Each structure stands twice: as C-alpha cells, then as structure tokens.
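Two complexes, one shared chain (chain A), two partners (chain B, chain C).
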Partner chain A sequence: MNDEITLTIDGQAVSVPAGATILQAARSVNIPIPTICFHEATSPLGVCRACVVEVQGWRTLVASCVTPAAAGMVVNTHSERVTRSRRTILEMLASTVDLSEAPEIQLLLQEYAADLQRFPGAERRAIPLLDDNPMYIRDYTRCILCWRCVQVCANDAQYVFALNFSGRGFDTSIATFYDRPMPATTCVFCGQCVGVCPTGALKTKREWLLEKGLLPEEKPAGA
Partner chain B sequence: MAEINPLVLRETLSRYAPQGRTALLPALHAVQAIYGYLPEAVAVEVGRALGVPLSDVHGVIKFYNLFHPEPVGKTLLQVCTDPACAMNGGEDVLQAIRLHLGLTEEQHTAGDITVKRAACLGLCEHAPALLVGQTALGRAQASQAAELCQGRGYRPHALVYGEQRRLTLNCGKGRPTTLAEYEAGGGYRALRRALEQSPAAVIAEVKASGLVGRGGAAFPTGVKWEGAAQAAGDPKYVICNADESEPGTFKDRVLLEEDPHRLLEGLLIAAYAIGASKGYIYLRGEYPAAQITVLAAIQQAQQAGLLGPNILGSNFCFELELRLGAGAYICGEETALFEAIEGKRGYPRLKPPFPTLHGLFGKPTAINNVETLCNAPFIVEHGAAAYRQLGTEISPGTKLFCLSGDVLRPGLYETPFGVSLHHLLYDLAGGVPEGRKLQAILFGGAAGAFATPAQLDAEMSFEGLRATGLPLGSGVVLAIDERRDLRQILLGLARFFSHESCGKCFPCQIGTRRQLEILERLARDAALPGDAQRLSDVGLTMSDASLCGLGQTAASAVLSALRLWPALFD
Partner chain C sequence: MSAEENCVATICPYCGIGCNLELHLKGDYIYKVTSPFDNPVNHGNLCVKGRFGYDFVYHKHRVTTPLVRRTPQSAGARTQAFDLSEWQPVSWDEALDLVADRLVEIYRRDGPEALAVYVCAKATNEDNYLLQKLYRSLFRTNNVDHCTRLCHAGSVIALQQAIGSSAMSNTAAELIHPDPRRRPDVLIVTGSNTAENHPIIAQMMKAAVEKYAASLIVVDPRRLELVDYAKLWLPLKPGSNVPVFSAIAKVIIEEGLANRAFIEQRTEGFDEFAQSLEKFTPEYVERVSGVKHDLIQQAARLYASAERGAIYWGMGISQLSHGVASALALIHLAFLTGHIGREGTGLNPLRGQNNVQGSSDMGGMPFHYPGYQRVDNPENAARWEQAWHIEAGGLNRQLGLTTTEILSHAHPGGVRALYMMGENPMMSEPNLNLTRQHMQQLEFLVAQDLFINESGAFADVILPAVSFAEKDGTFTNTERRVQRVRQAIVPRGQARPDWQIICDLALRIEARLGRPTSAGWNYAHPSEILAEVARNVPDYAGITYQRIEKLGLQTPVHDSNHPGTPFLFADSFPRGRGKFYPLDFVTAVEQPDYEYPFILTTGRVLEHWHGGSMTRRSQLDNLYPEALLQIHPLDAEMLGIADGAPVCVASRRGEITLRAQITEKSTVGLVFIPFHFAEAAANLITIDALDPQARIPEFKACAVQLCPARDEDLARPDKRLERGRY
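Here is the complex of A and B:
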C-alpha cells in the first residue's frame, strides 16, 4: 500500500505518492509548468526558477521541480507573481544570451509574450568561441548557466570533473582548470555535456562545421 | 613568476592533506600567504594533496575575492566605497591613492601595492575606511594618500555607547578582554551553571527567554537548538556565523575584537545544549584584528580547560576551529557558509531541508550569529525572567544598533528593545551634524529599506518595526541628510549586490546586473521611459523567485525607494 498524499493544484485535487515533487504532481494531471534547467538525467537543482509556483501561506515562490508535494498544499501555478517572475526571467535571459538555437525556450518566450527588447543597454555574454579540440566547440554566448554540463561531467554521470564554474554572479562562466584547452584536462570526450546542453552552446564539431557549409576533412585516397 | 619550492609547498600541504576537501579554503589561504598569489602549479599541488578535482580547485579560487590566480602586489590595499564610506569621501580616497601611485584607469598595481575597491569592510563608524594589508585604517582623507599607502593613519577602535550594557559590558577599552578579566567579571559562570543542568533544561531556559536570532532572520534561538538537539544524526555541529558583511553592520566586529570569550562561552553553552562535540567559527577574511583576538581567546580557553576534552572536569568535550572566509558576502547565508567550510564555491542550498536536520556535512547543525550567541551566557546565568526585564514582551532583551552615515556620533549602541528611533538617533547618537535636515534612514543594511523622518517615532522592536513596515535586519541605522543624492546611494547598493550575487539562480544572477544598469542610467540623469517599471519587475521577480535570501532582498531598498519617492525614477 503506497503512501499517497493529496494536494490542490489550480483548484484541482491531485493524488501522488509521498515524496513526489509539485512538478511531478502537476505533470501527472497534465497541468503544464515550464522548466528550463530541469532534465530527466540530472539532479534537479532549482536553478532557473522558471518552474516556480505559489504555495498558499508561503512567503516566497518555490521551485516546483525540487519542492516535495505535501498533503493539503494549495498550489497556484499561474498567479500574477508567478507569471511576472517567469516572464521577467525569460526577458532577462533573452537580454543576456543568444537563444536562437534553444527551441524549448523559444516556445516559452512566445507563450509568456516576453519582450525581447525589454532591457536596452543590457550587457550580453560575449565570450569568444572556444574551439580547442576535434570533438566539440563551446560557444558561451549561448550559455544560460543551467548547470547540466557541469553536473553530467561530475557526480551525475561521468565523474571526470573537467568542466566547472569560474567567476561569480553575472560574470559566472563554465571553464576548465586555469582555462586549459580541453585535451589538457580530464575530459574523455564522452559527449554527455553536448547531449544535455539546451541551447547549442555545446555542439559537436562536425555539426558546427556542417552548419557553416564546411565539410569535415575528407579521407585521403587509399587510406 | 614565482619560484615554487616543492618541498616547502608539500610541507605546508601535509598539514591539510589528512582532512581532504574541507581543508581547501584553509590550504589555499596558507599557500597564497607563501607565494603571494595562486599560480597554476601551486593549485595543482593543492588539488593533489587534498584529493580535490582540479576544476573544483579552480572554481573555488575564482569564486572568492581574496584568492588571486594572477600575481598581485605584496600589499593589497582595499578601499571601501559602500554606503557609509561613500558618503564620507571613500571614492575620493580611492582616486587619490590611485593618483598617488600613478595608476592609469586599467592598472591596479604599482610596485608592491595592488589597489582594489572593497565591499563593506565593517568599519562604518570610522568611515571612510580601508585595509592596507592586514591593517585597518579609518577616517581616511584624500590628502593623506601617501601615508595611507604606507599603512599609516587613524587606527580604528571600538566606539561603544548605550544605556544598558549587557552584551557590550566589556567593550570599548580599545583592546580584547583577557580570560582573567572576563572571569573576574563573572565570565564562564554561565557555562558552569549549564553543566550542572541537563541540556534540555538549558534549551528550556533559552526558549523561555524569547531570544531570537540577531543575524537578520530573527528565528527563535531556543527552538533552533531544540530542533538540532532532537535531530537524528552524529556528529552534530555548532557554528558561529561571524561572516558579518551586510553594509552598515559592524556589531559583531566589536564583540569579536573586544570580548571574544563571551562568544566562546555562548558557543560552549550551545554545543552542550544540542550535543555537539565540534564547532566552527566562520570569520570573514576582511576582519584581520578579530582573527587575532579570536585565535588568542581559543588558545587561552584551551589552556584553561574550557575547550577540548572533559571541560571543567565534566564529560562534555568540545573542539572549536576557526575558519577564515575568503571574501564573499553570500557566505553569510547559512547554507553557503556550510559549502565554504566543506571546501566548495559558496552556493546556497535549497531549504528545506533546514540546517538543524541537515547542515554542515549533512549533519544536524545549529548555526547562530555572533550577537545571538553572546546573549546566551546572561540567559543561562541569570535566567529567562531576568533577561526579560529589559525590552518588550515580544522583543525581550537588548539589541546592538550600528549607527553610521550622517550622524554626529557614529558607533555601536546597545539599548533595550522598545526605544524609539528618535531616541536612538537624536538623544543617544546626537542627530544629524551641522544642523542639517534628515532626508532618510537606511534600515537593516543594503538588504534593508528606507525610513523617512515621518517614521522617527517608530518603536525599535520586531513588532514595532513590522507595524511601520521597516526591517530590523542586522540593526543597521544609516542616516542620510538632505545633501545626499539618493540615486547615488541606490547605485552603490545595486553595485554591491551585483558584485556579491553567487550566480546560481537566474533571477538574482541576471537581475542584480539589470538592476545595476538601470540605476547607472538613473544616476547619470539618463533614465529611459519604462525604467521604473523595469526596476519594479526585476525587483519583484528577485524578491519572489530567488533561491536564497540574498536575491530575495537585493531589490528591497530599491523597491522601498520606488514606493517612497517615485519621482526619483522619472
């Protein structure tokens, strides 16, 4: 017999196993909650805050991907505070980062009627593209700092710890030890980071070259 | 390029290697003291010795202000330009020093000296202040640039006032109270009383006293200790949060510099109450004088059998370790502080779970502010009823208020809860100098809100300030007279938060920068249509959706200004 708890989401009673998050509870009844940093293969961290919801009686909004559903909870997934937060987060992202290859975020930008020009004079991420190995490029003008690449390189998958954070605050970036080129790090070129990147900041070299209309080098005749 | 002698390096690191990752910040401090900065080859050795992945070592170095991956001058000169210092000419001092050293706009090092702008150094009552290496100087003037560069100038000492001096009884001498002096005045009697009772009885007394946290969150201390005492898990930890970094706050600095044994006694009482055998004091790296007094006090206590095994002949054992911060306001947030002690970047954790159940190293932890712990000895020695004889019903006891800015007598004021703001600012602190008019008061620090002269009759208590809509915070009362351009002050606060945001959650990571850009425009008289609405949306988003208290309060002052003075933002 499962421990089941019942909560209310947008006026609807939802029953879930104890331990389920508010996000899981909402998805179980097809109540949509947007997510950006969330990924099935990484530990949820509640970093992007796009999935915030309003819980009656709680002072601040909470990230539904990491907040356990509790019996008797009353959740509003589209209150004024929630929609303002989501829209502003999206507008701030759009003002900082190149989102042209982030299809899921593009859908959210439309859904929340985000004004892409909301912040005139906003400083954008302008790190020169890193092309230091034959396998993948790093274009951090597209990096939203969702943490996924660092997570899969570390305890969530590969345990090689080649990628980590550098700097702090708005000036945070993803970097290697003393900015060494990738072949001089513990990277084993497994491709996990490329696989989880939501914006195309990490891309296989092959794809990047093909997009530019360049063919990967042809094999010499007879080889 | 530094000459790296591997023997010296490995000898130093051998002290930290057995502890592993938790020793990362101490190890980096130690090797940086040898080489002056942290070259790549040194960082490699640190990672190898402690078993920490190199990318993590680099991530930690790049997170904290006081770690330098690039060469810096032998003397680091840090000039504060946060609110109180900015109002007293801190910017002029900084520029005068840079001019004296012949630095162009892009340069920061001349010969042996590297000059940096510092976030609030906690010397607000001596504004403008600076750190020259490990020497604190106050009341600096631009005309003294040459002397300041040599570490010569006004040496700040505690300015302590107030009508009822319980916490600051021993403060104001200009030197630390010795163990002998502390005991002669009744010190460590409370610890002896505590050891005669059960831990549960100690907790009951603290609960009955109504003591709440003095770091800003005001959580009932007895309830916190009870939670940690009852939590499953072993070992348990007590931690003193001495990372005082809220602009305008310097109360803990005074207690640490002049009466460290009061804090030690409070920590011992807390440890006994919750069943902890190990504790830490996490002290901000920019308090060099406090580092010396606290280390000396710990040594004195150890020698006197007040720390270590079988304290005062009882079964109670308690080890206390001092950990130095490395320059990050966010590490005053309790879970980010745990991360720092664990040897990581100071990223806050999600709450729940709360520290009493899952804290340092995932174990039950009671973490308290310096001032909070310094209240414990009185409560345990004299009892909750005696404690409650001062203050109000809901806000018992005394509070330390930090007065700075445009006030005649800046300093630390201890008064019972319940006095009026007018009494504190005018009767005790002398009001606004030179007959000027009060324009506003910044309450609670950068993460606070503005009060106006219309609120001078506000009662200085939790309930009184709540009724007035003002935050008590850490007890900052920063007076602003009619000369001041509030836009410049807001700009300074925005700069602070942008610099200190950890960068983890999107609302604060980006929001603090967007807030700064808009306020930069405002301060230049170049506001764009819609800027007030932008500030409001960004501010409310940070307040509502940020992961931790930093982001949740980063727009607090700005939002209060939008409400009080909308015309400022046109």
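Here is the complex of A and C:
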C-alpha cells in the first residue's frame, strides 16, 4: 500500500498517497483550483502560475500542480494574496494575447474580475499567422506559451520533438528549428498539438476556413 | 456549441488500432477530429490519418448513383473506365436487378464454383457477415475471401496450427500499464514498421522504453524508427526469419533458459522440435541471414530472462512464401519461455485494417464460417444450415478459393463472376500485370465501393456504398475489441450502407432462385445483425450495441455478463497444448542475382493507406504526393543516383519509375517502395509466389534492378515536397 499523508487545504483535512501534488489533493476533495497550462494528458509544468496557492510558512506562492503535498502542510487556495496574484497573471495575459477563443480563460477573467484595461499601451503579440502545411494553422497572437504543444510533441506523447520554445523573455515564441516550415521538420502531423491547445492558436485548417466562410475545394456531393 | 454543431463518437477507419474519434461537425461538415484522453485504446492520441484523413468522404469523385458500364464488357477484353462519362447512372432497382439477373444466370449455368466474392476488411462486422452469408447461403460457394489473405494469413494459419486460435493474445495498452507487474519488460518487434503503420502502438512502445525501462529488440531488415529506441537491432536479410528465430530458440534451450515447467505442462512436440534445431548453427545462420551470433545470443538471453516478454509482429513475418513457417518460428519462442497467457506477454500479430479482425471473425474466408468454424466440418455446416434456414446438406462443405487464387482461376471453366466490396486487387495483388490479365478474363464484375478505383474501373456495375462516417455498425480492432461505429453525416447522394445493399440484393437473388425459405434479410438496424452473429458465434455471444455504447468489449465475450477478455490463453490453448513444429529453412523464392542484384521489399508509409483509394483523395496526399524509392546512401552512390533523382526499378514482371529518397532506413542491397501510388505501383514488380498453406503472396522479397531514369519518365515531374520526418 502507498504511504498516505495528511495535509490541510482551506481548513479541510485531506489524505492522499505520498507523491501526490497539492492540486491532486485539492481535486480529490473537490476544492477548485483554477489551471490554465495544466492538462490531464501532459506532464504538469507550472508555467502559467494560475494554480498558485499559499502554503503557511512559505515565503512565496507555489504552483500547486507541481508542488508535492507534504504531511502537515497548511494550504490556502483562495487567500487575498493568491487571488490578487491570479488576477494579475490574467490581466497580464489579456494585455498581450488574443484570448477571444480561449473559453476556459475567459471564464477565469470573469471569475477573478480581471481589469482588461489595467495595462494600457501594453505591447500586443503581433506574429504573422503561419500557414505552412495542409493540416493546421499556427496563430501565435493567441499563444499563451502554456507549452502543452511542445510536450505532446516530445515525450508526453509523440517523441517527435518538432516544436520548442524560441527566443527569450517577452519575445519567447513556439517555433520549429530554424523556423523551418512544418513539413520540413520531424512533424508527423498527428495533430496532438492541435488537440491540446487551449486558445485556438493551433487550429485545423478546415475549421479555420470554415470560420472565414470558406470551404475547402471539395464540396460535399449534392450540396 | 450552436444548434448546428455536433460531435459524434466513432472509430477510425484506417488501421487496426481502432482509435476512438470524436468527429466535430457543423451541419454536415466535419471540420475537426479529437479523441478522448481517457480512452483506454489510444489515450487521446491520433496519427495524421485519424486526425486529418477523413476528408476523402467529401471528395468529388465519390460515386453517388449506381452506375452501369456504357460499353458492355466481355470476358477476355475488359478495359478500365475511370471517367464518369463511360458510365450510365441508373436507379438502384435497375442496378440490383441487373446484378441479381447476371449472378443467378452464371450460377445456374456454371454452378457455385463460378462465383466468388471479396468481402471487406474496412467494412463493418455487420456488412461482412451479411455478404459472406449471401454467397454461402444463396450461391452455396465458399469462394469468399479478402485482403486478409494478403496480410496476416501466414500468421493466422501458424497460430491456428500451434495454438488453435489466431488473434492478438494480449492488449496493446499493457505496454504502458502503471503497474509494473502487468506490463512487458522485454519487447520483440519484428517485421513491423510500427512507428508508421501502427503509430499509436509505437508511441506506447517508445513510452515503455523511455519511461518504464523496457528493453526493445527490433528484428527487421530496415533501420526503422524504433531502432532508435532499441537495445538490440538484428538486421536480417528479408526472408530469413526461420533461421534467426530458430537460432534464438536454440540458444534459449542450450543455455538452460527455457521454461521447463511451461513446456511440460502446456506444450507438445518439444523433443522433435529441439532436434530439428541442430542445423541452425551460428555459421549457417549468419551465412543465410547476415545476423551475427552474438546478437542472436543477446536477444535470446534478454527475451528468455524477461519477467514478461511480448512479441509484436507484422508483415515482415507473414508476407513470405514461407509465412507460416516464419510465424511458427516466433510462436516457438513464446512456448519455450512461457511468455504467453499472462498480462504483459503475448503473441501479438498487429492486424492492419480497421476491421480485418472483424471481417475474419465474421467468416470472410474460404475455409471458415463465422467464428472460425471450418466449412468442411459437418457439425459446423449443420449449425449454419439451421441458422440460415437451409436444407440439410445444402451448404458447401468444400474449402473455397483464396484471394489470389480467385483471380488466377478467373478463366473459362473457373471463376466467372466476381463481386468486390471495398477491395482493390488492381493495387493490392502481387504481379499486377498478371492480375490485370486475370481481371480481364472475368465474365461479370461488380464493385461496391466509394470510388471508381483501379479495380472497379473494370466492372460492369458499380454500387455506391457509404463511408465509415455515414453508417452505423461495429469494427473489431487488433486486440479483439468490438467498438461502435456511428453515423455522423448523411450518405452522399444515393449511396447506401453496405448492409442495406446486400440485403436488398439478397432478396432479389432469392426471388430468382425460388428458394423455399429465406436465409433472413430483414434487419431494421445493424444491431439486429450483430445479434444474429451473437446467437451463432460463441466468441461474440455477449456483445450487444447497448453493452458497447461507451467502451468496446474484447472477444471472447461468453455471455451478457462476461466482461470480455483482455488477454488469452491463461489456462490452456484452444487446441489444448501448444504444438511445436520442426521447421526447415526455405529462402524467399526470388534471390538477387547478377541481373537483378537488389532485394525489393514493399510496405506502407505513415500518410497513406494501401491502394490509395482513400488517402490519394485526401489532404493526406499533400503531405506525401508521390512514390519514393528508399535506398541506402552507399547503394545510391554506387549507382550514381542523387537524392530526388528519378530511378527506374524493374523486376522480371514489370517496371516503374519513381524518385529516389536516400535514407539510412534502407540497408545496403535492400530497397523499399510503398505500394500506394497507382502511377508507380510497387505491385507491378512484386512476385506472386504463395505460401503453400496460407496462400499469401511474397510481398516482402523479390529481386530488382535499378537504373537512373529521366525526369520526363516520372508521372509528376514537378511534384516535390521536402519532408523532415524520418
């Protein structure tokens, strides 16, 4: 049997197997913690910081998706400090990225009463849409760098390694090696990346064309 | 989601993994495919075909009305007609009456042996069950077969002889089971380019190696992608499976690594088998296979000492003129080590088509009724005579002709009428020049299909069928899981579900034959067809549409409470004890020589499917638009062939011109051509040598010559796409 440990989350005692994260512990008793980059099919990374929680006695807020629960921990998932931190993260995201097709993040913006005008004059991500293969488009004005696409292309699923981070700081982007077009990379077009993208930055070309009111050449027979 | 938007759960129509798809629709238009991440078959992962390859459904070449050839065709002078202008659209009544008239006429004149049918490994279980039922009950013939003959026939016959059953013994996802006591620690993958042909299973193999420290042994003539993850790679010469695996068996026995208890309790014939291994000395094996003895030893020790060893194999084992012996050599390894009958072990032939397991289960073969009941067994025949309301003694108790034989018998006095449901022998049979001659000899030919393919182009009548997205039914995947296929869009034009076409045709044939009782063709819904199967096939007894609504069930499902069978042979084999068979080594029929110095092996690539009927009409074609000859750098240099240069490849049977792709995936002396491209059809070159028992052609080895060609000789000299994937 696994060793069980007990911690306190929002005043409630929670028992989980050793090795579980604070996020898993919270979810096991239906205590909600918002997440953005977290996905059930990828390794948790802690890049979005939406899931941060306050651990009593710890100096900084920690990302609950990657922090192992420890015996005797006292966790606050919605303290004022946590809420303010989450709201700021959302406001910073909204100031620079096109979130119009990220429904889960939209809900969070509302839930946390994010002030979308908090950073006037903030630089928006302005990256030309990449349409370099028959299957899907990459619109990185919508990309929040959650890294899910990189992970599923790597050792969370495909082991193909066609996508990765490029650049640093604000100019960080997801890219291919030497910005080569997708067909010229190791990409096998499994579409796994499209399947996990939370913001519509990666989209099937057929969906993209449909939205623009265009259909691919072949119309359904009889239509 | 707006009112127009819909999401339909179904199963991928491509390979035997049977990935679960969610088709996202706006109205009648599929615009996206996702997959549920908690699904136990593919865990939300898809390959390019499942994710993007559905658009063939909408292609403008879909046949949407029944068609009759304008120029009447006659035996010996058949031509192909690809253009719609050569076909007369007719009503369903006209078409089906014509087909019924001609089939009955030929049946009355020449008897049951003059008729034959290709059922379809892509169609549903319900479609296949009904079509073999039609030909067996109405035309009293066992000339029922399909592409399974060209695929795992070698494996199936071997497994039936040695074990008494012929399906993958374990479940693929055991590879990555979180419990280490339930997953394999050593894998042998042989004759399978898993990363391209069963991508999701290859993903699991990679995860098993990377995350769970499984040891992978690849036994293959080519340097496949999985070799990057392998602890050992045995680069054997094509067609030398028997010496290599026999040598491994010999080491296991000699070094005392055999599982004596398992051999004694669960097998028979060991002593004679052990003696027959004498001839496989290290020197002999290295000479005939090219594999050095130390690799054989390492492989033997690794597999035999495993806690749980699992063998996965593909066409490199089966598609040989000694395919049965090749597969037996593998089966022996599981018998020697006891790596069978437990979770995380197994003998796992990876079935190719989305429903080849099902079409075989449904009796789409000349030797078996549904449920693998031999047609020459009087008890089985009696049982089906009852099920189909046929007079005692009515069913044909003689073995029928196999796929390639059906065509080679297509001459006066032999097979006169052929009915093809979703088959394309003009791309998938070996030695296509000879296949063409056979096809031309047919007196009457019907194609029930989505498109006018290279075979349907020869037909007299084309009946428009629906794709996987336009009908309900079930597919059975390679791990015996029966899963629900669901209709997402309306049939194109007047196309009909295959099972409805078959029932309509059957009633018309019955009326003409004047049979006293009907075999039964009134089904309101495909679930009723599966119910009839369940009543008569013990392995399917407990399967209903309701039970597989959320998750498929793995056969055997003994009754309505049985949960299905994730792995087989825990206590015994269907034939009782597993049987060892002494083997001799026989080479591939055509060896390289001075005139034809290279070995050609054929297969598939990730982006395409078989004859290309679907994938050449899909956006998939944009990713891989032309045939490429895979050739090793040293061979290319020796011949003066640059990457992308046109090359003419010729055998004693035919020749094609295609671009060269210099790659280390090939090995010296070996070239590879995928068989998807009609304009450079690999099967024009392949040899129609058949395994004597399985009747499977030797697609994996023949002798060819290469010479540089000119750009103008290429079908599409302008087509070139830079691809970076290995």
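Following the convention adopted for this analysis, the second predicted complex is superposed on the first by the 216 of 223 C-alpha atoms of A that agree within 3 Å, B and C clash if a C-alpha of one lies under 4 Å from a C-alpha of the other, contacts with A are read in each partner's own complex, and residues count from 1 in each chain.
The rule is simple: contacts are C-beta pairs under 8 Å (C-beta built on N, C-alpha and C of every residue); 3 or more make two chains touch, one makes a residue touch a chain.
No experiment lies behind these values; they were computed from the predicted model shown.
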| item | value |
| --- | --- |
| Combined model on chain A where chain B meets chain C, clash or fit | fit |
| Partner chain in contact with A:L163 - chain B first, chain C second, else both or neither | first |
| Which of chain B and chain C A:A70 touches, first, second, both or neither | neither |
| First (chain B), second (chain C), both or neither touched by A:L61 | first |
| Which of chain B and chain C A:L116 touches, first, second, both or neither | neither |
| Contacts of A:A18 with chain B and chain C, given as first, second, both or neither | neither |
| Broader residue contact with chain A after superposition on the shared chain, chain B or chain C | B |
| Partner chain(s) touched by A:V188 [first = chain B, second = chain C, both, neither] | second |
| Touching partner for A:L93 - first (chain B), second (chain C), both, neither | first |
| After the two structures are overlaid on chain A, angle v-u-w for chain B, chain A, chain C in degrees (C-alpha centres, nearest 10) | 120 |
| Which of chain B and chain C A:L210 touches, first, second, both or neither | second |
| Chain B and chain C, minimum CA distance [Å, superposed model] | 10 |
| Chain A positions touched by chain B in one structure and by chain C in the second | 162, 185-186 |
| Partner chain A, residues of chain B touching it in the complex | 40, 43, 53-59, 62-63, 69, 328, 345, 350, 498-507, 509-514, 517, 521, 528, 534, 537-538, 540-541, 543-547, 552 |
| Contact footprint of chain C on chain A as seen in their complex | 40-41, 133-135, 155, 157-160, 162, 180, 183-192, 194-195, 204, 206-207, 210, 215-216, 218-223 |
| Interface residues, chain C side, partner chain A - complex | 24, 26, 28-35, 37-38, 43-48, 51-52, 55, 58-60, 62, 64, 199, 203, 206-207, 210-211, 489, 492-493, 606-607, 619, 622-623, 721-726 |
| Sites on chain A touched by chain B in the complex | 36, 45-50, 52, 60-61, 63, 66, 81, 84-85, 88-89, 92-93, 95-96, 118-123, 144-145, 154, 161-172, 175-178, 185-186 |
